[in-house]
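These are the structures, in structure tokens.
Same chain, two partners: chain A is paired with chain B first, then with chain C.
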Partner chain A sequence: MTPTRLITRAIRRPGLIVPPFCRPVLLRLSGQRFSATESHRQITTTATTANSQKKEVRLTAESYPSIERDARFAKLTSEDVAHFRSICPVLSAESDDLEAFNTDWMRKYRGQTRLVLKPKSTANVSEILKYCNSRSLAVVPQGGNTGLVGGSVPIYDEIVVSMNSMSNIRSFDPVSGILICDAGVVLETADNYLAGQGHIFPLDLGAKGSCHVAGNVATNAGGLRLLRYGSLHGTVLGVEAVLPDGTIMNDLSTLRKNNTGYDLKQLFIGSEGTLGIITAVSIICPPRPNVQNVAFFGVNTFEKVLEAFIRAKRELGEILSAFELMDGTSQRCVAQVTGKTRPLAGEETKFYVLVETSGSNKEHDDDKIDKFLMALIEDETIVNGVLAQDETQQRNLWSWREGIPEVLGHWGGVYKYDVSIPLKELYSLVEDVKARLIEHGLLGEDKTVVDVVGFGHMGDGNLHLNIPVRSYDSRVEQILEPFVYEWIQKRKGSISAEHGLGVAKREYVQYSRGETELGIMRSLKNHFDPVWPAPVPIRASCC
Partner chain B sequence: MTSLRILVPIKRVIDYAIKPRVNATKTAVMTSGVKMSMNPFDELSIEESVRLRERNGDAVQDILAFSAGPAKAADTLRTAMAMGADRALLVELDEKRPEEIDLEPLAVAKLLREVVRQEGCNMVICGKQSIDDDSGQTGQMLAGLLGWGQATQAAKVEVQGSEVVVTKEVDGGEEVVRVKLPAVVTTDLRLNEPWGFPISCQRRYATLPNIMKAKKKPMEKKTLADFNVEFRKRLETVEVVEPPPRQGGGKVDSVDGLISRLKELGAI
Partner chain C sequence: MTPTRLITRAIRRPGLIVPPFCRPVLLRLSGQRFSATESHRQITTTATTANSQKKEVRLTAESYPSIERDARFAKLTSEDVAHFRSICPVLSAESDDLEAFNTDWMRKYRGQTRLVLKPKSTANVSEILKYCNSRSLAVVPQGGNTGLVGGSVPIYDEIVVSMNSMSNIRSFDPVSGILICDAGVVLETADNYLAGQGHIFPLDLGAKGSCHVAGNVATNAGGLRLLRYGSLHGTVLGVEAVLPDGTIMNDLSTLRKNNTGYDLKQLFIGSEGTLGIITAVSIICPPRPNVQNVAFFGVNTFEKVLEAFIRAKRELGEILSAFELMDGTSQRCVAQVTGKTRPLAGEETKFYVLVETSGSNKEHDDDKIDKFLMALIEDETIVNGVLAQDETQQRNLWSWREGIPEVLGHWGGVYKYDVSIPLKELYSLVEDVKARLIEHGLLGEDKTVVDVVGFGHMGDGNLHLNIPVRSYDSRVEQILEPFVYEWIQKRKGSISAEHGLGVAKREYVQYSRGETELGIMRSLKNHFDPVWPAPVPIRASCC
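Take a look at the complex of A and B:
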């Protein structure tokens, strides 16, 4: 299930400021945070600490000494604050607690902003960016602040532009299913509104109660419904954004077809706020399915998992809505930590799969999933399995998938990677990492590393590689990195499937993108934000 | 020990994880287009019957799942058979005839009495209530009609020779009762659940092989006309309303504020 708060917006640095890629400081992306999917709470690469809540969060500037504050950015003055007060509501460090805006929800990143702006309209956002641009003030757009990579909080003293106050649903057309809403509408609010109209938001993730719709768009959130409804690149029909110089780009189209030149809105989807601040989106929302089935089964080899996946697509067809992979280790961890009885009795299998269908006709769906499952078990593609008989069982089965990230933090910490790999080799990464840790004597009952776990959205070629540890240890980190990134590079995979780059992954982008592509990204950033051209190419930092 | 022929009555109700909504005329809860599942207490009954067989082996001769409901109640009975019931009997109610909708507890008890006699059952394990009307009367009425002993709200069931020993939760502890067979036992939430776990946490799932087997198990279908029972309604539903929405709480600024507010409310 699901995640976050997210959000984003774009732009970070907007205005000027910051070039996108990388720049230190001030630029960062936006925030969206959120993540989708892996469940919610996770971080991506790095580790989370079980009791991190109790400790003060370390300043990002200290954790990432390589990111320096760009001296070209101006420092905030009282005249600036007075000017912003004339535009929209303002929170300042002198009179308000800005902790919530400076710290991400995983408590892994902490910035030092002195000012939070809460624009109420697109015009407000335009005025803010125009002024920041002229004054060279760095900006970080922030949505629900649910990202996992540190993209939605400041690093240094960037001004936070919070989209919380722009939260109106502008329109919904029941015939086409197109929703137009402000940037700061919370995903769950949008979905509840749509439920009342018999429709569904084409994106769902664990942070849905906090994340903002525009943050989802700015970070191109993946989530649980991607297999069924596709990515936001397909469902988002239009974007209204404010560019770094304050120009309003009104591309809030409601057309499914519009081949008139470059598709500009696509640039903003997944830009993490580096090109502008998204202020509204239009998105096409399918009718809401009212019948669901959830099955959970055990499989002994990865080849058979692939076979089951192919057959699920063929035999379940349009009702297939999730195909989630979990390895035996992950399920053993959940059972051990939660003490719950495992759904499947008998011998443990190497892999487990959760299949969900969503449709509109119970008899039809029941019949399909029944035949699909029976055929799999009869020809021994799967070893055993269960089919939920009611809503509660469905939720319980999902908890064996969604509960994994939380459970892995039980031993102390977790190193997390969210990667895309061609399906055939999806699981080999887990095996190779495990072999490598064993070879170096780091994995075992009395060793630092508890185990190596793989799970994820099989349907999307997205693997979550998690390595629960008893404590963080630089020896483990050296074994993992850059090994994992190089491994992925060799298979032409992605080092960040759905979490984005943010602060956490910016240094590794070259493992997934070539110099030519990075060069084009830099020139795009320069185009949108000429005052602050992209940084020097080292480390790409894109986005 | 006495060999057991167990009857487990089952009701198809709105899934307990779904929030029920009252219809516009305030005469009933809306059921069309709503997910329906087995009454959770009935699941406990099926589970306990299966566990009795697991513990006592061949002494459990027969587990018959019974339901009186719409044609779709057949799905619910298949679930019961996938969980371990041997066979099923469905009394299909005609939804177009108002007198057949929402049978009252007394009518159901009379129907069950006939089934017990026809099928030669000597133990009935039923839920202490169904979660749609919450009447909680059928088991007791059935025991009365049959002249059998009854042990209600069971948290633990043991068959010893020709007797059943039932542990029930009562205020402040447990009460253990002993009843001679034949008998009616009604099930409470703690039955077959480890203490401390919410209902359904540990309930068995329907496995694929068992679902396949369930398809081949016999399901007999009858109608009310096959029983010589009087189903006249004795209760009139005056109005169905939702509980009042929760009133929002207030905020206090300080500990002193909290204390004075609590005093105002007479809480301390």
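Take a look at the complex of A and C:
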């Protein structure tokens, strides 16, 4: 079978026999909740296994001894708890299990809160923060607790303000497509609601079944639809937030254009809860696409991947909704761990690309992607490829992209970096890190490092560098850091593309931001929260 | 000829005779530079006539006696001028004509500067602001001076920092589509450069031949492509700016994703030069569409306009690039003043809509718009319509939308409001204002007010309310204000959709923003510019 025929066979035609490698294959999972360290489609599986539940999570305070509890913060008293009880439902360590609020879902970070507050209204949040401010009680806002950098759980005894109980959709206007909802609405709930209205939430990510809309906004989540619908800075029209002193900032506009002074809501998008607690969001939601296509193809050089990307943007144009890169190593790992039949027969290629289109007209979209793929294969930009014939096949192709983070945990541990790099050099980081580990004798069949894997949202210049290891070895860490950060700094990349800083990356922010910018950030934090200015560049707790 | 046939005839078919009403008709202009009070395509005409040049423009200080010169600002000395001459090219009142820098293009605002600085680099701008800050000299940044609210010219003797001499395109990456350019690059120059690269600037507006890219960013310009490419908050990736004390903030990222702290550049987008001077911009530019279509149709009720809008979003989907509303009055005025043959024969309708699509595939796009129009006419959502057959016809159809602001000046003066209103009530403002003027006996053939006209970027919820008058009458102003602002406030609209505040609207900002939000804005201004805190909500000058 020649590569050309592979694509030809896959292109939809009446009566065409679906190639066997496009049949649905269920992803074998290890039993843990599947949610990668990068944003992706959700694959729901069984709950956390008993085994992983039993494992004691190390206290963040122990893992990060450099972060000391600020002595200026007061300790919680029973009078405080009684006061909070008069405001809203409360969970306290005396009578409730607070484990789920103290620990992140990856079980990497564990705080020591003794109190969880569940406000039911913006007024509740305001009362809480006003009281905390006056009493010098530290607070950490918590959404769906799906973050990847430890920003949503306490470090010490900060009070958790959980937004779980603020989960109403406030309004939706079918003419403009503008949704207003409470902070704690789960992303999938919002999207399901919008589906019923023929609209789509302009953000999609792996944790959609758990994450909160306001958490997405507070962390400026990127995810899968950014290439098509742009960032939250463009789609969020308004934010209602409570400032550290309890002031309610009502910037919950439903207007696409409003040039009346500074765009205050923008400061809250991506501020990770350090300037206030977002209590509601207004966002513009496009019409839901009627048709999707997913293609998967192999490419031999990174230059040709870039060429395919330029042509996808030009030829698929307005319907291109994902352009995902996976290197050959990542696909070998998925095949090895899951035992699935690979989507493409024939010789392995160095890179694989998943392209998704979403549009309004099936006939037009099918025609565009068919012609695009045929042209790429004819002029040998790509080696081979398949085009999914139905939703099941689409999901299967996606699983070869989405399954990567999960399977890389197979050997023991994984060093993970979520970075942005100018496109031309996107993959060079993987090659340079691999060369460095080989040079130091750390990578190989009987060595600590299994391999170096690169994949990501290529359309957004967002690479996920993952290094699966068989065991912990401090030499690996020394080889990787600060090398990776310095490498990114030299290319003016970002050390955190979409995951944020949280606890995990706050010490490394200077690799992506200059001292002037960090000075302005510190000063803005001090401005919004003058009682508790940030001792470090960015802090995960609000006040 | 039945309405249905009108559409049918207009739909492209090989050998079809172009309907006569689609032939190009040159817009008759009054001789002034054509640039409306709302963003639109540029129509280049002859320069300002001798007559209008002779007219003395009233000093802003006299028109706005409530704005006093802050006595804390120093007066310019010859030593200051000598110092500035050592930094960059200088124009001074002693030897140069500063009229063009003191007066806005509408000849509504006139300042009294005695010095214009033309920095050639970011370092120059930094030196200038540092010196001004230390000497307490007031400054106003100036881009292309195409603003509509008097924000780009001095009020008193503020030094003008003109960005004309910083006009280099710094870089363009054809893979990512990211452009970095100096502040003073003219929008059209940037777009022409991008056209050569197969890309498009994600913003288009009437003043594109004069306005500067950084001026667009500083004023968060909306314009014609917002419906398709979103706002500058989503497309601008980075900003380099000089703060009032001369500090250079380098946030000139070329990354689509960068979650490392607060998104500082967002504060500068739409801040109208009050927080610092933008010296360079990085922006993501999509591939240039290969094909455009323009349709123009008549609708009898506003409810049906809304229905057509919902269906345009759904059926034209990803290729919809403009949905412009014009009321019947506006079209009668254009016909009357220009003498052109109207695009649609038959009875007048209450509303007219111009729909534009921009896409990557001619065959698909033609098919989409043909089917969309046929369906609308068949189920009587619209009464009649035409579809342009070539670029000349497209320009002619656009002229019926773009020509409105110009022709409304025909009778003498025009009261103009650029507002955002939730879509459902978008047109009610026009009806309510008209009823009010009639009720007070001010509207009619022999009355002061000619009529009340509504048109605008319906896709963005942006209405332009224009009231042409035969002469100035203070009673009209009293009827209009604060009525219009209060009406908008009740609907949570915006008193300035895309023009900004400048001098013209700074006193009215409280109709669109609450005291809490204004307090935060004042405080942010004070924070960035502590020596010269804003005495009013927002000031047009930087420091």
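Basically, the second predicted complex is superposed on the first by the 482 of 543 C-alpha atoms of A that agree within 3 Å, B and C clash if a C-alpha of one lies under 4 Å from a C-alpha of the other, contacts with A are read in each partner's own complex, and residues count from 1 in each chain.
Just so it is clear, a contact is a pair of C-beta atoms (placed from the backbone, for glycine too) under 8 Å apart; a residue touches a chain by one contact, two chains touch by 3 or more.
All values derive from a computational prediction rather than experimental measurement.
When chain A is checked against chain B and against chain C, the one touching more of its residues turns out to be C.
In the superposition on chain A, A:81 makes contact with neither chain B nor chain C. When the shared chain is aligned, no partner comes close enough to touch A:93: not chain B, not chain C.
Touch criterion not met for A:337: it reaches neither chain B nor chain C. Contacts of A:254 after superposition on the shared chain: chain C is touched, whereas chain B is not. After overlaying the two complexes on the shared chain, residue contacts for A:495 are found with chain C alone; chain B is out of touch. Using the contact criterion defined above for the overlaid structures, shared-chain residue A:123 touches neither chain B nor chain C, since it reaches no partner. Put simply, chain A uses residues 290 to touch chain B in one complex and chain C in the other. Interface of chain C with chain A (complex): residues 173-177, 198, 219-220, 222, 226, 230-231, 233-235, 247-251, 253-264, 266-267, 269-271, 275, 286-287, 289-290, 306, 309-310, 313-319, 359-361, 364, 367-368, 420, 422-424, 457, 460-462, 492-501, 505, 509, 512-514, 516-518, 520-521, 523-524, 527, 537-538. Residue ranges of chain B in contact with chain A, taken from their complex: 15-18, 33, 35, 37-38, 75, 79, 82, 200-203, 205-209, 211-212. Residues 290-291, 296-297, 340-341, 343-345, 366, 370, 373-374, 377, 382, 384-393, 395-397 of chain A are the ones touching chain B in the complex.
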